[in-house]
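Order of writing sets the labels: A, B and C. Residues in every chain begin at 1.
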Amino acid sequence: MVDAMNKPRSKTVKPKDKSNSISRLFLNNLKRDKLALIGVVILVIFLIIGVFSESLAPYDPSTRHYNEEGKIRRLEPPSKEHPFGTTDIGRDIFSQVILGTRTALIVGLLASFLVTFIGSTLGIISGYFGGKVDAIIMRIVDLFYAIPFIPFVIVLSAVLSPSIWNVILAVSLLSWRTVTRLVRSQVLSVVQRPFIKAARVSGAGHGRIMLKYVLPNVIPLIMLEMAFNINAAIMAEASIAFLGFGDPTKQSWGQILHINFVTGNSRNAWWWVASPGLAIVLLLVSVFFVSRALEEVVDPRLRGR
Amino acid sequence: MNLLEVKNLDIDYVTKEGNLKVVRDVSFTLKQGESVGLVGESGCGKTTLAKTIMRLLPDNGVISGGEINYKGENIVTKNKEEIRKLRLNEIAMISQSAMNSLNPVYTVGEQIIEGIRSHTNMSKKEAIKRAEEVFAIIGLEKKRLKSYPHQMSGGMKQRAIIAMALSLNPSLIIADEPTTALDVVVQDKILSQITEIQKQTKSSMIFITHDISIISELCETIIVMYGGKIMEKSSSKVFFKAPYHPYSLGLQNAFPSILDIDKGDLISIPGAPPNLMGELKGCRFKERCPFRTDKCMEELPELKEIGEDHQIACHYPERVDEFREESKKKETWQMVSDRIINESKGDA
Amino acid sequence: MSNEYLIKVENLKKYYSINKGLKDVFSKEKSYVKAIDDISFTINKGEILGLAGESGSGKTTTGEILVQLQELTDGSVTFDGYDFADKSKEANRRFRQDVQMIFQDPYETLNPRFTIFETIAEPLKIFGMKDKDEIYEKVIEALEIAELRPAEQFAFRYPHELSGGQRQRVAIARGIVIAPKFIVADEPVSMLDVSIRADILNLLRNLRDKMGLTMLYVSHDLSTIKYLCDRIAVMYLGKIVEIGDVKEVINNPQHPYTKVLLSSVPIADPDYIRERIEIDDELPDQINLPVGCRFEPRCPFATDKCKSVDHALFERRDKQWSACIYTDKELILKK
């Protein structure tokens, strides 16, 4: 009965009409899902702030500010000059949060890109070849599952110098395992489909089949994983910086919280805690909304009728 | 009295793009002990019709008109509880993929006994006895009651499902392609067992398939559906000797036979079934019919009596001799194929 | 038709090991599923051979070995003078160009993310065709041969916009675009609606008649085999039990299994009374196959002698070979 809907639809189909493309479905979804729309708007604002943070930040984040009497503006609550208040040594928190945005975004985007790149490459290879190749890769994945995240990152940044690049490296080194597993399991089912056999009969080599036949059919999943990993990476960076293993030369939200904590001001300067905290939450929530909408596109069962 | 009476039934599927008119104005009756075969291509509405009689339509399926009278009571207006009682006790369905509906963590016996007990007030002992009986009829050993689904072959599982469906002596059996997934030898045996049981218990049967040769062996009456409508309804004996409707004539050409009658090259019916969305004008078969006229484009033919128990939905029953003659020729259908290509060019 | 063969299969075997667990590494005895167990046949140039059998008979595996989708376990296959054992690049390239396959499920056989054009152009690109106009011409030509008209309109659609029959035609167009010599068609019409099956069968036949293609047509449906093929081989549990001219085998089956198969096909004629041969419809365990004739446990004519035979083929009628040790006359007497 539903077959009738699968029959050729209209006869006037423009060449190159990808009516089931991900981006198109995603855009349609935005029209219905208001939360996703809010997510996209907030994310775009964060991106703009991240790109133009230097010109948007009113002050240098490490400049000490003094009042008319020449005294350091210590722990001042939000005001016109300092919308997010000041730190214990009179630094402008607003500027720090603005500049921290870039760090969060760089870590989030770059790490999640690396993670999904490594993860899906290995996942596709593992699922496509199966057998020994699969067994070896999956045992390595198991091995990596045994490594606890935070201690590993602490050790890594202790051995190497603390910098956001090492944070990215640490996140990438550990998070690919999940992506590999997920991509592999989907590849296993894609490889069973007859069009893969048909490609082999047509003479396509392994590389060509993986790139042109397997990859496009797992791309939606990969994109979804990428979105989820952005959040994981941002959170990881914030935690590491909060614990004091971050890059001291780079402004970051975790770092702001770290300094607040070590100077013992976490209980008496709410603005100092709230502003980076809220920034983290807002960014995570917006990415979450976007990835949730993406998930609906990827998984037809979640699609509204 | 008729066991089942379907009157002017309309069924729609509600989709985002609009209503899909899956079944339109379908009427037929079924006597006690009669078996009727329903044939048609995928999308012709035959499975939907069966599901509707069981009231098993998916959420977006709507009965938008007509009646289904079972033993004089309208099924369409019954509530869920009344329907539940009707299923299995009165009407049983065997579907194509039914063998996959067995629960893997229970033995087949447990599932059948559970089914029997939830519909009757039999004791466990009586239920086991009944299960053993139906297993014997369908050709399964008693010990198979203790098997789990994965320990059985496809044929055995399908048999177990049939046993379950027949365990309460239903008056009406609806079989929707019950053997399509099975090998010929198994299919043949199961089909003969089903008819055996149906004759013994004097129950009626609606048999749905795309394979008209099965109907010729199994059913007294055949109903040919196309695009949600009945095209031809006749006794099997008459139909297989002398079909009337152009669609039936086309189907006859398309069937390869194992017998050594050289009926020449097979000929397909060019084109595809109609899109049932939006406004539908004229005869449903008009796109693929070699004999269509302007009238067919505009006016929907009614189902007309043309002989004893023989109805067709075509404007031109009197031209049947000409149709039969012409439909045997390849050129007749080639013309349809060219016409379809020209029309699609016009649209682009 | 010349009697030159294009494909020669000799003593072909395909075993699947079922010892996969760790504990089995230490056990000496290995168990196998013998999907194909010592079969030999040839396919002549320009001939369509039908391979019939139920599920588990090994017919699909045979087809996949002939297009090298699966490796053979033992035996030899020669294709157009080339041995399958020849793994050189040159042999492989030539083979891929000469052999194509058409699959059963028209909904799954096309990459959903390729347009029809991209799908059919794939083999051309793989074999190094670069010129865009030439590719376009070839693709359109293949679509025309597969009777998807107007070809220019179909070329830029996606598979989900086509019906099952149209998709199967695209698969055929992809199969013929590089002008192969041999095609394996695995149940190409079994998932299509009856009203359009004939078209696909006629198309396959035309490919043979006009392009001189040789074909292996794998199917469980004896009536389509009878319609399309020149010869038929009937398989049962990895063995060929009967092989010969299609009309002869279907009208005068020699092997009891072929008789059973034929007697199970429903006939679209209410007056025809079919003689059913009653047998047990469950296949024996595929790992512990019966010793002697594989059909013996189910065969209505079996005797003690059948428990120690080896499936050698006997020429019972002209060019019609049966693996049964009894002649047709002897079988009739038994009844």
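We adopt the following convention: a residue touches a chain if its C-beta (ideal position, glycine included) is under 8 Å from a C-beta of that chain, and two chains touch if they have at least 3 such contacts.
Being a predicted model, the structure only gives us computed values, none of them experimental.
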Leading chain pair when contacts are tallied as C-beta pairs: B-C
Chain of greatest Cα-centre distance to chain C: A
For chain A paired with chain C, centre-to-centre distance based on mean C-alpha positions, whole Å: 50
Chain B and chain C, separation of their C-alpha mean positions in angstrom: 31
Interface hub residues of chain B, defined as touching at least two other chains: 42, 272, 344, 348
Multi-chain contact residues (two or more partners), chain C: 153, 163, 166
Residues within chain A bordering two or more other chains: 7-9, 11
Contacting residues of chain B [partner chain C, same complex]: 41-42, 153, 155-156, 183-189, 191-192, 210-214, 216-217, 236-237, 240, 250-251, 253-260, 265-270, 272, 341, 344-345, 348
Chain C partner contacts - residues on chain A that touch it in the complex: 6-9, 11, 13-16, 18-20, 193-195, 197-204, 208, 212-213, 216-217
Residues of chain C defined as touching chain B within the complex: 54-55, 149-150, 153, 163, 165-166, 193-199, 201-202, 220, 222-224, 226-227, 247, 250-251, 260-272, 274, 276, 279, 281-283
Complex contacts: residues of chain C adjacent to chain A: 67, 69, 93, 96-97, 99-101, 103-105, 108-113, 115, 122-123, 126-127, 153, 155-158, 160-163, 166, 171, 174
